[in-house]
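In the two assemblies presented below, chain A is common to both, partnered first by chain B and then by chain C.
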Partner chain A sequence: MREFIQKLEAEFEDIPKGTLTPSTKLKDIEGWGSMHALIVLALADTEYNVALKGEELKKAESIQDLFDLIQQKKASK
Partner chain B sequence: MAFFSIENIRLKGIACAVPKQETSNWDYDFITEQERKLLIKTTGVEKRRVVSESGLTTADLGMAAAEKLLKETNTNKEEIDILVFVSQTPDYFLPASSVILQNKLGLSKNCMAFDINLGCSGFVYGLSAIGSIMNTAKFKKGLLIAGDISSKAAEREDKSVYPLFGDGASATLLEYDATTEKMTISLQSDGAGYEAIIVRDGGMRKPMTKESFNIKEIAPGISRAPRNLELNGMDVFNFSVTEVPLNVEDFFKRTNTTAQSYDYFVMHQANLLMNETVRKKLGFPAEKVPYSLTKFGNTSSASIPLTIVSELRDKVSRPLSMLLCGFGVGLSWATASIKTNNLICPEIIEL
Partner chain C sequence: MERHVAAPNEIPFDLAIKTAEKFFSEHNIARKDIDFLIFCSLIRERQAPTTACLLQNKLGLSTNIGAIDVPMGCSGYIYSLALAKSLIYGGIAKNILILAGDTTTKFLHPEDHTLRFLIGDGMTATSVQYTSEENINSFVLGNDGAGAESLIIKGSNPRETITPEKDIETTAMPYGKLIMDNADVLSFALKVVPQMVNELLQKEHLAMKDIDLFIFHQASRLVLETLCKKMNIAEEKFFVNIQHLGNTSSATIPIAIADAITAERAKKGDKIVIAGFGIGLSWGSTIITL
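So, the complex of A and B:
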C-alpha cells in the first residue's frame, strides 16, 4: 500500500508528497479530474499489468478502493 | 483473421498539409492553469492546427498535399489509376470526396476513386485497400489521401475533446514495383465499442435537428451538443493499451519479428501517456517512436503520415523498416510493416 501511494504521488506531480493516505477520497484531491484517472489507468497497466475499465475506476471512492480494485483484478487474472 | 501481405507495391512519397492557423493549449483558458499543465503533460498536445472559419475542408488540405507530392515526384497524372480518400469529415454526404478530387486534381477519367470512412486506423486500412487493388490489377500508380478536420466537431467547453484534436491531411503516392519488398498488414475491428468515440447526430439514424445544437453540461468541464464529437477517454485508453499490444505481439509472432526488427514504430498520435504505455509494453526504445502530437495534436487518419513527414523527413532517404499502427474510432485498429527507400517527403504545406 505504501508503495502504491508513493507511485501515485510520483505520477501526480501536482500533488504534494505525503498528502495521500488510504482513506483519502479521490474527489477531495485538489484538482482531481480525468487526467488523474488516465494516470491511474496507465499506472495500473504498467506497474501491475492490470487493465482497468472506466466504469470500474468510477466506482472507486478512495485510494484504498483503488488499491483493492487493482489487487482484486490482479488476483483474478 | 485479416492478416496478409501485399507484394509489388512501393511507397514512393508522402506529403502533408495543415491549416496555417495554430492554437495553443497553453491559451486554453476554459480550464485552470493547474489543469492545463496536467493536460499538456498527460496528453502531450501543446499546439494544434485548426481550419477555424477559413472554410478549408479535409479535401482541400488533401488536394494541396497531393499536388505538391505529384509535382515533387514528377508524376504523370495519367498514370494514376486509383484514388482512395480516407476521412470522416468529407465535403458532402454524397458524392464521395475522392471522386470530386479526381477531377480537381486533373486525374484521368480512367482512374477509379472511392472513399473509406475510418479515422485513427484509417491510414493503415487505406494502405491495405489501395495496395491490394493495385497489386491485383497491376496498376502503375495510386494516390491515398487521408485526413480529417476533427476540430470542426469539437465543442470548446468540452475539455475531454477540444484540446486533443488538430486538423490535417496527407497524400501518399504508391507505385507498382516488382522489385520491392512486401508490406504486411493486420486489421481488426470491434463495433461493440462504437460509442467510445462518436458524433451522435447528423447521420441517418439521428438526423440533424435544432436539438442537435443544444449544448448541455454532461459533467464538470464537459459540455457538448449531440452534433459534437464525443470521446470516452477512459474506455479508449483501456482499449488502446490492451488491444494494440495484443495485435502487435501477434504481428511479431506471425512475421517472426521483434521490436528490434524495425527502425521506427510510428503510432497514431492519440495521447502521450497512452502511446507511451503501449510503447513500453512492446519494448520499443523511445528513440524509435517519433511523436508529432506536441505540435499537431491528434489528426485522426493523417497522424501516421504527418508524423513521418514531420519527424522523420531527414531520415527517409535511406532504407527504412517501419511498423505503423493506427487505433481508435470504430473501434478499429490496424498494424502494417513497410519498407521504404528514398521516400520523397516534401516539407509540410500550410494553407
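So, the complex of A and C:
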C-alpha cells in the first residue's frame, strides 16, 4: 500500500507529497479530475499489468478502493 | 502546447488543395505523373461526388487516374498506405498521391475544453511510388465496431434521434460533435498497440532492437508516455511532437515522419514502426524503411 501511494504521488505532479492516505477520499483531493483517473489507469497497466475499465474506476471512492481494485484484478488474472 | 486551427470556413478539401500545390512546387513530382489519388479525411467536401474526384479537377491532375476517399481518422494514414502498396503490387498504379489530414476542430463543442486542448487541424501530402525495393513492409490491421461509442461523431447520422440537449447542439455543429470516453480510449490504446507491434515484428522476423524509431499516432501525451513505458521503448527511439501540433488525426504520422527527418532523428535506411489507432475503433501498423 505504501508503495502504491508513493507511485501515485510520483505521477500526480500537482498533488503535494505525503498528503495521500488509504482513507483519502478521491473527491476530497484538491484538483482531482478525470486526468488523475486516467493516470491511475495508466499506472495500473504499466506498474501492475492490470487493465482497468473506466466504469470500474468511477466506482472507486478512496485510495484504498483503488488499491483493492488493482489487487482484485491482479488476483483474478 | 501549440496547435493549428483551420479558418471557420476551411475544411480538409481546402487544406488538401493548398498542401498539394505546395507539395508540387517544393518536390520534384509532376502532377501529370500522378496516376492515383487517395484522400483520407473524416470530413469530405460533400456526400458525393467524392472529394478525391473534385480534387482531381482542382489540382489539374490527369483524368486518367483512380481517385477515392478513405473516410477514416487516426488510423487512416496506415490504411491509405496499405491501399497504396496494394495498388502498386497489383499493377494498378505506379505514382500515388495520398492527401491525409482533417479539421477535427469542426467536431468540437465550443465549451469542450478537454478536447480543444488536445486537438489540432492539419493536412499532409505523401507520394508513394513504384521502386524495386520494398520500403513499405507487412501490415497488421484491426477493427472493433463494438467500441464505436467510445469515440464517435454524434449528430452526424440523420437517423439518430436528436435530443435538444445543450450537450448535442447539432444545429450549431453541422459536422456533428466528437464524443470521447478518455478512459475507454486509453485502455483500448494500451491493449491494442503493444499487441499489434509485437505481431508486426513477428511477421517481419524483427526484434524491438532492430527498429530505429517508433512513430505512433500522436493521440495524447498520456497515451504516448504510457505506451512508451509499457513497451519499454527507449526515449531516443520514441518520437513525440504532439506539443507542437496537438492531435491532427490522420495527419499525425506523416507529419511526425517529416519532423523526425528534419530533426535528424531518422535517416535513410532506418526502419521505422508506424502505428495508427483511434476512431472505429480501428488500428493499423506497418514498418517503413526510409
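Some points to look at:
Note that in this section the second predicted complex is superposed on the first by the 77 of 77 C-alpha atoms of A that agree within 3 Å, B and C clash if a C-alpha of one lies under 4 Å from a C-alpha of the other, contacts with A are read in each partner's own complex, and residues count from 1 in each chain.
Assume contacts are C-beta pairs under 8 Å (C-beta built on N, C-alpha and C of every residue); 3 or more make two chains touch, one makes a residue touch a chain.
Everything numeric here is computed off the predicted structure, so don't read it as measured data.
When both complexes are overlaid on chain A, chain B and chain C end up clashing with each other. Which of chain B and chain C touches more residues of chain A is settled by the count: it is B. Contacts of A:53 after superposition on the shared chain: both chain B and chain C are touched. After overlaying the two complexes on the shared chain, residue contacts for A:42 are found with chain B and with chain C alike. Once chain A of one complex is fitted onto chain A of the other, the partner contacts of A:29 are absent, as it touches neither chain B nor chain C.
Touch criterion met: A:13 reaches chain B, while chain C stays clear of it.
In the superposition on chain A, the residues of chain A touched by chain B in one structure and by chain C in the other are 34-35, 37-39, 41-42, 45-46, 51-54, 57.
The part of chain C that touches chain A in the complex is made up of residues 114, 181-184, 186-187, 190-191, 222, 225-226, 229-230.
Partner chain A is touched in their complex by these residues of chain B: 32, 34-35, 37-39, 41-43, 159-160, 221, 232-235, 237-238, 241-242, 271, 273-274, 276-277, 280-281. On the chain A side of its complex with chain C, the touching residues are 34-35, 37-39, 41-42, 45-46, 51-54, 57.
Here chain A touches chain B in the complex through residues 13-14, 31, 33-39, 41-42, 45-46, 51-54, 57, going by the rule given at the top.
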